[in-house]
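A short worksheet on the structure shown next.
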Amino acid sequence: MDALVLEGISKNFGALAALTNVNMRVQVGEVVGLIGPNGAGKTTLFNIVTGFIKPDRGRVKLFGEDVTGLQPHQIAARGVARTFQIVKPFFGMTVYETVLVGAYLREKDEDNARQRAEVAMKLTGVYHLRNRYARELNTPQLKLVELARSLATQPKLLMLDEIVAGLTPAEVDAMTALVKRIRDEMGVTVLLVEHVMRFVMNISDRVVVLNYGEVIAEGSPSEVSSNLKVIEAYLGGKSGS
Amino acid sequence: MGADFGVQLLQTILFGVMLGGVYALAAMGLALLFGVANLVNFAHGEYIMLAMYMAFVFSVTIFQDPVLTPLFNIPLFFAIGVITYLGIFKRLIKAPPLSQIAATVGVLVLLRNLALAIWAAEPKAPPYTVFATSFSIGPIIVPLDKLLAMAVSFVTLFLLNLFLERTRLGVAMRASADDVEAVSLMGVDTNRLFLLTTGISLALVGLSGSLIMTYQAVTPTSGLLFGLLTWAIVALAGLGTVKGILIASIIFGLADSLASGLWDPRGREIVLYGLFILILWVRPKGLFGRR
Amino acid sequence: MKTYSALGAAIALAAVPFLVGLNEYYLFLVTLILLYTTIVVAWQLIGGYGGQLDLGAGAYHGLGAVVTGFLMVNYGVSGWVGLLVSGAAAAGVAFLIGYPSFRLGLKEVWYALSSLALVLILQKIFLLWTDVAGPLERYIPYAEFDPVFMRAGTKIFYYYITAALLASTFLIVSRIRRSKTGLYLISIRENEEAAEMLGVDVRRYKLQALMIYSFIAAVTGGIYASMVGFYHPTLFDSWISIQTATLAIVGGLGHLLGPPIVSIILLTVQEYLRITLGAVIIGLHQVIFGIILVVIIMFKPDGLGPLIDSLARRFPASVRR
């Protein structure tokens, strides 16, 4: 069974064709990287999978179940967690409370939820910040908190939206190691959107390339990066960041 | 029998259109402030009420006839707009909508009770106007003062539209409604822009106060009615165009007039507010606009 | 530590009638203040935790008064039953307006406006109702002391009912604050999209908060009607909506202690001003209210909540959180 299947997904915003007939598969346990220039439709795709936007055409299937048109919280309940391109912290809450919100999804019992939250915080390395308010933290810390929050929901599919954007190369490497660890220890499938090639190529089992709302290439990182030269020639030079 | 009802219906419709024309001016001020400066002014209705009271005061003390009150009301309320901006709105521009609402609710309370304290609760209407005649088109009676008020409103809206399309300031205002950051990046002093927008917004309110006085009397609770009404018009029209505001206002004017005329004057508010809520639920993006 | 302060507060509340020398007029005022404070505390659920600026308190309070009064007068139903029925009615109305509003994601100003419109719509409907349904008896039959019917001649009866209501409401709200529901609500307030992505059914939790609060607001209205022995459509008052939101915001959105303390203090001040100045200058007390709101928002947008919380922490024996 595939973790995620996109069949013929199309979405228009007025006259703008954001996505056109996108077909994609993510197998259970894979790490798939989604790349492409700005405006290629990556975030729109994320929003469709997570239920924030409804596709004009096509189906979304999660672990064999058709979830097209479901609300975000229903999709979250089916095992999808997601971080956001621009972090969405709960400024008025402490880190602990923030992660606890995630833990409550699966754990009805208060103590179990707290345990789950602590595990997530320790895994991402924010446990020492647990009593600090989110508004006191910097962006890299907020990204880790957002990751912890997502992990506390015990997801089967983890979707990372440009999680290393704005991080220093050292921080990027740390995140690479962390995501590997998460995949190995928690057995999650990972779908990530990224511009930072160093991160994508190191961590992905497979890479999918999106441009102008269409899939134009996919394959292993090495296949795609050699193909990338062809793509760049096709696109007329480096586009995106 | 049927002909009588037909005449009454036409009369009611005419009245509604004229009333809507006048409401449009009041709503335009709100649309400008909300659209350009992204400021939620919960006290907009109270400013309209205040303008009506000032029109009353001027007509009673100076002019005897309300027709010249705009001469005083417009500059007075432009000044009030400037003062309000410098004193309160300037700080609120960057605040979250909740704070803006809370603070302007404070202004609402202040103005409403100020009016209550000064003028008490009985309705006030201007005593006399030289235009209190009417002429007839067939069986339809057209009151001259109300027609004039509507005409003034239309002319003002037309001029405002020209201003927004042809002048540098107007274009800056429209651009700001689209994208405030872009506007400031282009070197426009947003502080000055918002200051002038508030001034113009309230100047429009000042004028509309004078005009609305030809249609209805004013009480301290009128503010709530006009506040909800103008917000309802903005909800229906969206923030796109002057034309959108005008059409939405006429729709509400018609609803107002038909409810009062065909049903019950006390039912008018039920219809207006009910229509408002219906619009919010059915078309949250407005009919003509982009918000 | 917590039990000491809770006990202290309970004793203080119980002692108040004697502190005002069992004066009927003062008892009336104090009961009124506690009634409005109860609405403020309940409002925290939708406004402070849920993040929706609700201006419908006047509608729910009025509904409570009118429905309870109506049942007591026309059907001889006990006031207690009236409270439950009117509470349910208010929750029902809240559902009718909340469900579409939250489903559509009506934000900020539009939700505030539509809830305010609700107050006025109900007022006009009930004003017209008396035309259609014939004269409604508006005076609740007098009884010296009828606890079953929930009617008494002396105000002390209503004072203790209200004090009990305020205490229970406070307990309910503080329990919710520490529960999963409370945390979910605050996450909704902080960032709805993020909350949704964590499995929080935003609409459902907002509706829950709205319905609990509207129920309680209606109960305060029912108690009011029974206390004054009278009900009238003017009880659908937009001022109650505005007052509630104002006190809650000044007291600190989402804070537990701030709103009730600020509420009691400011309402007392308001009554004092009304008594001394009200006859001279009508509405002056409300003008001052308006000024306070504007000033607080501009200089302390988080309200006085944080301040009061830090003060409370200075007295370790009386810390309640």
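Residue numbering begins at 1 within each chain, and the chains themselves are lettered A, B and C in the order written.
To be clear about the criterion, a contact is a pair of C-beta atoms (placed from the backbone, for glycine too) under 8 Å apart; a residue touches a chain by one contact, two chains touch by 3 or more.
None of these values were measured; they are calculated from a predicted model.
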item	value
Other chains in touch with both subunit A and subunit C	none
From subunit C, the most remote chain by mean C-alpha position	A
Innermost chain, taking as reference the mean of every protein Cα atom displayed	C
Subunit A and subunit C: spacing of chain centres that average the CA atoms, whole Å	43
For subunit A paired with subunit B, centre-to-centre distance based on mean C-alpha positions, whole Å	48
Between subunit C and subunit B, distance of the C-alpha-averaged centres to the nearest whole Å	33
Sites on subunit B touched by subunit C in the complex	40, 42, 88, 91-92, 95, 97-99, 101-103, 105-114, 116-117, 120, 220, 224, 228, 231, 235, 264, 266-267, 269-270, 273-274, 276-277, 280-281, 284
Subunit A-facing residues of subunit C, complex	180, 183-184, 186-187, 189-191, 193-202, 254
Partner subunit C, residues of subunit A touching it in the complex	50, 52, 71-73, 76-77, 81-82, 84, 88-93, 97-98, 100-102, 104-105, 110, 113, 146, 149-150, 153
List of subunit C residues in touch with subunit B within their complex	51, 53, 97, 100-101, 104-110, 112-114, 116-118, 120-121, 124-125, 127-128, 238, 242, 245-246, 249, 253, 281-284, 286-287, 289-294, 297-298, 301
